[in-house]
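Scroll down for the structure; my scribbles are underneath it.
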Amino acid sequence: MTAPTTTAPAGRGFIELLLARRELLLISVIIATVIIFSIANPSFLSFAHLFGLGRSTVYVGLMALGVMLVLLTGGIDISVSAIAVSSMYLTTVTLMAFDYQGTFLLAVALAVLIGGTLGLVNGVLVTWLKLPSLIVTIGTLTLYRGALLAFVGTDRFRSLPAQMAEFSGFAVIRTSDNGRMVALHGAVLILIVLAAVLALALSRTWWGRYIYAIGDNQEAAERMGVPVRSIRVTAFVLSGALAGLAGLFYAAMSRTADPASLNGVEMTVLAAVVLGGVSVTGGRGSVLGTLLGVLLITIVGSSLVLVGIPTAWQQLFIGLFVLFGVGVPALRERRNERRRGMVVSE
Amino acid sequence: GTTEEGADPAAPIDGEGGGGDASGAVVTVPKLTGIPWFNRMEEGVKLYAEDTDENAYYQGSAEADAAAQVRVIEDLIASGVAALCVTPFQPDAVEQVLKKAMDSDIIVITHEAPTIENADYDIEAFKNDEYGINLMDELAKAMGEEGEYAQMVGSLSSSTHMEWVDAAKKHQEENYPNMTLVGDRVETSDDAQKAYEGMQELLSAHPNLKGVQGSASTDVVGVGQAVEEAGLQDSIAVVGTATPKDTVDLLESGAIDVIQFWDPGFAAYAQNVIAKMLLDGGTVEEGADLGVEGYSAISIEDKVIYGDKAWINVTVENSGDYDY
Amino acid sequence: MTTDRPDAVAPDRADFAVRVDGVTKTFGTVHALDDVSFQVRRGTIHALVGENGSGKSTLTKVIAGAHAPDSGTVTLDGELLEDLTPRDALRKGVRVIYQDFALFPNMTVADNIGFDGGVNPAGLVPRGKNIARTRSALETLGLTISPSTVLGSLSTAERQLVAIARAVSADGRIILMDEPTAALTQKEIDAFLGTVRHLASQGLSFVFISHKLREVVEVADDVTIIRDGKVVESGPAANFDQERISNLMTGSAVSNVRRESAWEVTEKPLLSARQMRLGSVFADVDLELHAGRVHGLSGLVGCGKIEIGLALAGLIPIDQGRIELDGAPLREARSERTIQYVPDDRLTEGLMLNWSIADNIAMNSLDQTTGRGGLQSVPKLGELGTRWKERLRIKTPTVAAPVSALSGGNQQRVLLSRMLAPQPRVLILNNPTVGVDVGSRAEIHDLVRSVADDGTAVLLISDEPAELMSICDDIAFVVDGRITARHAADEIDEERIIDINGQGKAA
Amino acid sequence: MIEARLGPRAHIVLLGALVVVLAGTLSALAPSTFPTMRNMQSMMGQIAPLAILAICIGITFLIGGIDLSIVAVANCAAITAALVGEAMGPDAGALGIMAAAGSALVIGLLAGLTNGFLIATLRVHPIPITLGTMSVFIGISTGITNGATVFGNGYMSGLSTATVVLMPMTFVVFLVLLALCTGITLKTRTGFHMYALGESDKVARYSRLPVTRTIVMTYAASGVLAAIAGLIMFSSTNAANVSFASSYLMQAILIAVVAGIDPYGGTGRLWAILLGAAAMQMLQTGINMSLGSWSGSAFASNFIWGVLLIAVLGLSKWLSTRKHRTREAEVEEKLEEAEAVGSA
């Protein structure tokens, strides 16, 4: 080619590579954190702690995958925590009304269905009313939760349907750690499998390409024949369905159906997703990055005590990680844009 | 001020929606609405209203937020209630709005806030240190009076929780020399999931842990679940404040040994009785019987009214006796 | 009109790959297409020519289903399609190279070339096939880009080639190409046109839009000329030569007015650049702008001429070199008001489309709309707007109307008003007559000349040789980020300009 | 001339009507308690800090941004005021008040400058940035206070108890700030730049408006306003805690959006926040008063808010697109007339 080209980013050594691939940057940060933490307290690397960490990532991780999808299309979904709690509670209340004692799968199906429906409402409001998704989902956030508490009930249930309660003990690996039974919760595997399926769908199916295309350049996507509206709706529906699943898992794993729970989780989810490198303007981000973002936030959120930092400082670290994770790649991007004469400054 | 009207005996008692007339009413304000503990409190208020035919009802904010509670109280003052029975979310945060209420001649009775300034009376089911000491006795009994234990509180800024754990710790140091407190107090934000995660961390950090004392009503729920999953029902003792309904399964499995609580419904009932007494121009006497379980011979210290050690201990044997 | 123009060449109706009948398309208040009829014979290359803003792209978009026409019909491959959508057009084998490329910057080259918006979303992406297809497409065009490069890191010319590769590699039957050669060097153009001819011989049909008339007469089988949204002439290429085409495009014999009243070159330039360099965008650039003179900057799309203008305006930083205004470094010269830059894309870079005309004009002259107490005054805003409305003859009943309600020419006048209102000493214009009709264009040219006559230093960046010829005093040529030649405007002609630009790096 | 910047008039009419209908209905439902001076004062006092936070959202919306850190900043500022007040001792008097309030405002300013600086230089969307700084500010406040409530010595309570012309002082502070911000946005160059930046940051940059300065100033103002809201909350509770008012962020956003300020920037009237805040407060008070004894009442207002938000925005969008079309048609008509006259 004869026109001026930019130097390939890979040519600039390890640091440049790290900065270019958010996943690599996150992995390095996570490895560094793990090394530091396990030096400070070797029990960080115990099965008990690692399994615990895995379990803590589940519900935030599921919601994060959904939010990631919506962000990829250039929208935003703030309402996931309300969808999660609504589907979980409605499912539980319904099952308990019928004194249901059958398989947990029905509960899963119901929660996913309710979550998906609430997500569909978001999607339809966004695409048909042509309102910004930020506004719509802030509206439905308060609406869903308000409706749930005002019209469905506020009672917290601790005696869940038997199969649902049993799910809290659903373990895939069991071992004994200092005489204590520790188990890797099955939900961790479910999260990983779902994430893998989603990652495959995003990279291998046209649906996935369309999700990225819409966030990347919506006009081009329209001109290339992508059914933009319906694809955007699917992102909201999946986000709702994943949130529904997250809510159900949260309730089953804590064996409590509490309609007041999960309040404010949307902020943690959003923080994890943007830390994972998903662009809030769409078109960029990956499943792996999202999971790594969730993992990093979970590590910071649940291991500081182990290394002797008071929980009080936890938020500070999360904030710094987010700023660092978002800021450093941005600086690099700005520099590249500058070099290519793309930035119009004052 | 509207106190001259007193409570209107003819006012309808309103259970399900509809506009209850606020003016002249005695209104009970919980920390927040929608959690079982305060749902029970609401039942107490309803019971009182039925028993006495007074215009008494229950109203609170949807959020676990001191500022939101203040706004509910503001609205109630503006709508001309006669008396407020408040369980402050954070006692110090409501001082000013309660002062405003007192300045508008509204009777103010608080609960779970023995140090409050702007109230006619505060009512406590018991003395907090005695409650904490009793919890420690239960814990020591379950641990065989030896080993490491940890303490959890809903929030480090909750004065009652802190009084319980402080008194318990002091009592342990004086009476159970073979027990040791490990770790910082774990803060759980009244969230069972946080308590669960906190317990997992405690187990990792202190493999020899033998006991846990919980404070918030969600603490032992999370802790019990962690214990059950770790298969440590028999080696770790768990005691703390909770409601029977929340813990029945964990008590049965042995993950929780003892729960201790008081009945928020009766406390609210007692608050309402005192409020009514004051509205009628009466005074509260030492040893008086408020006509509700646990408050048959109250004691008064300064502005704080104590019930007769009105706490309840529940183990697996009697867990079926309560439906809240 | 041409609607029922007898088809001397192809009498059989079904032989048309594309047939457009009576299409009208209005945006806001203006007719972008006015009762246009147009046919493309199967297996031919049909050139569509017209001035900037005459409606060529709009027609392309109507055929591709990207714009719904207000009235009229589109027939593809003999099938009349109601409510044509991009999806329908794709199914009928229509592939488009859009003028703005319509690519996905965050995706790789292979993902862009293999992208297919018309299939079932649940289907699998044939990744291996896409990569193979990408390889072969890039090869045919003589490209050495790796298929896994992220598109966003490519240069404009490379992106254009990717867009071409995408259109020709998919199994389309009708290919619409909106200025596909704008960013390419002569060598690349030759390779590209070879490919097009080859594909046409295999039965593919092409619509080819270009401003380079030489290419048009060289490659086209048929030619249609469009002016102000109307078809003015259509027929076999043999009927046209370059001269005739350009006369038909502009509606009159081109009056090659040259500027004569230029000021003498003064000893000290008003704005000067020495050895400017910016990354891989441009290097070793020396330029001097003198009061009262119009300096032209010519080059292919993406050659760096626009960035040079931006750098001179202080809008992008440079890595090396000095820019001086009146002998003082630019940063210290506080240039905000003294240098004004007029971007070419008035829709996204120049104007606040929803805002009123007055607001747009006042944007850079808020000191003139300050009323009592140093506060902004709405009446004064209106006065300023009205003053400029009259001065530049903006056709609008009120300056409170939104800019979006104006025609392209009038929008451009609003933009120029904004830039002239603060009375700049240096004016940098980037294609100031894009999408502007002939009359307005002449007026804008007059305006630029008169602004220069008043002592302003003007830098004119233009893709149009005719425009450069008609207003510039000197012209510098940018190839691959370097100034390769400088000529006085009266030394050269349009052909020569195209030649110099097309030389590429090799030269 | 500036109508495009203000946004559709239909919206204001709609919102105004909503406020009037709400006031009328509630007065009719509770004639002895709702339309009383005491209740009006109480409502004004309650809404003041929230409404000031809504101004923060409003001005950042105007430039096409958003500030998620406001509640964290408000609490940070209140905690600072409490700690400084404590350090000055109970007898510091006016000096103590000034030091406490001053340091809170400085904290707000610093927080805002940090936000603005990061957003302007990194050019990252403000959501991730202010989400990050929100966590940082919460983290610092939690770390310093250990999560505990810190108390004042009552010297600020004057702010929350004083009244001016029958209105609570805090509400007057809100009105003054709102008037100031409305004036600045509509009447000054900076305001023009804010609108321009929100309408299109690309155009603003190409036309050399001081973009960085505008961004930094707006977020700085947001920080200071948040600090003032924090001081007001502190004055009315005499206590500060990192978790106070956690529900205010979403509510402030709701008010700003309902007030018709476009979250994508460039359009809106700040003063409409008064209407939005009034509607929100009346709704809440109305529900508290008329449905107080229904156990769902505390949540019903959230539900109604969600419905209202989507309804008001959907409706005004619909009305304004219709209006937009008619406006363009009008211009076209006039143009044609003018041409007819010209050619005649």
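Labels for the chains are A, B, C and D, by order of writing; each one numbers its residues from 1.
In this section, contacts are C-beta pairs under 8 Å (C-beta built on N, C-alpha and C of every residue); 3 or more make two chains touch, one makes a residue touch a chain.
Computed from a predicted model, the values in this text were never measured in an experiment.
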* Given the two chain pairs C-D and A-D, which is bridged by the higher number of C-beta pairs in contact? -> A-D
* Structure fact -> chain C to chain D, mean C-alpha position gap in Å, rounds to 43
* From the C-alpha centre of chain A to that of chain D, how far is it in Å? -> 29
* Structure fact -> Taking each chain's mean CA coordinate, chain A and chain B are separated, in whole Å, by 36
* Structure fact -> When centres are defined as mean Cα positions, the distance from chain B to chain C in whole Å is 73
* Structure fact -> Listed in rising order, chain B residues that touch 2 or more other chains are 33-34, 62-64, 187
* So which stretches of chain C touch two or more other chains? -> 315
* To do: For chain D, write out the residues touching at least two other chains, lowest number first.
  => 146-147, 202, 205-206, 208-209, 246, 295-299, 301-302
* Asked: Considering every pair of chains, which are in touch?
  -> A-B, A-C, A-D, B-D, C-D
* **For the chain B and chain D complex, residues of the former touching the latter** => 14-20, 22-23, 27, 33-34, 42, 57-68, 70-72, 74-80, 90, 92-97, 100, 155-157, 187
* **Residue ranges of chain A touching chain C (in the complex, touch as defined)** => 1-9, 203-210, 212-213, 216-217, 219-227, 231, 234, 283-284, 338-345
* To do: Mind listing the chain A positions that touch chain B in their complex?
  => 41, 43-44, 46, 48-49, 52, 56, 146, 149, 154-156, 158-159, 165, 168-169, 178-183, 250, 254-256, 258-261, 263, 302-303, 305-306, 310-311
* To do: Spell out the residues on chain A that touch chain D in their complex, using ranges where they run on.
  => 76, 125, 129-132, 134-136, 138-151, 154, 264, 267, 270-271, 274, 279-281, 310, 312-320, 322-323, 326-327, 330-331, 334, 344-346
* **chain A partner contacts - residues on chain D that touch it in the complex** => 66, 68, 118, 121-125, 127-129, 131-140, 142-143, 145-147, 202, 205-206, 208-212, 246, 250, 253-254, 257, 263-264, 295-307, 309-310, 313-314, 317
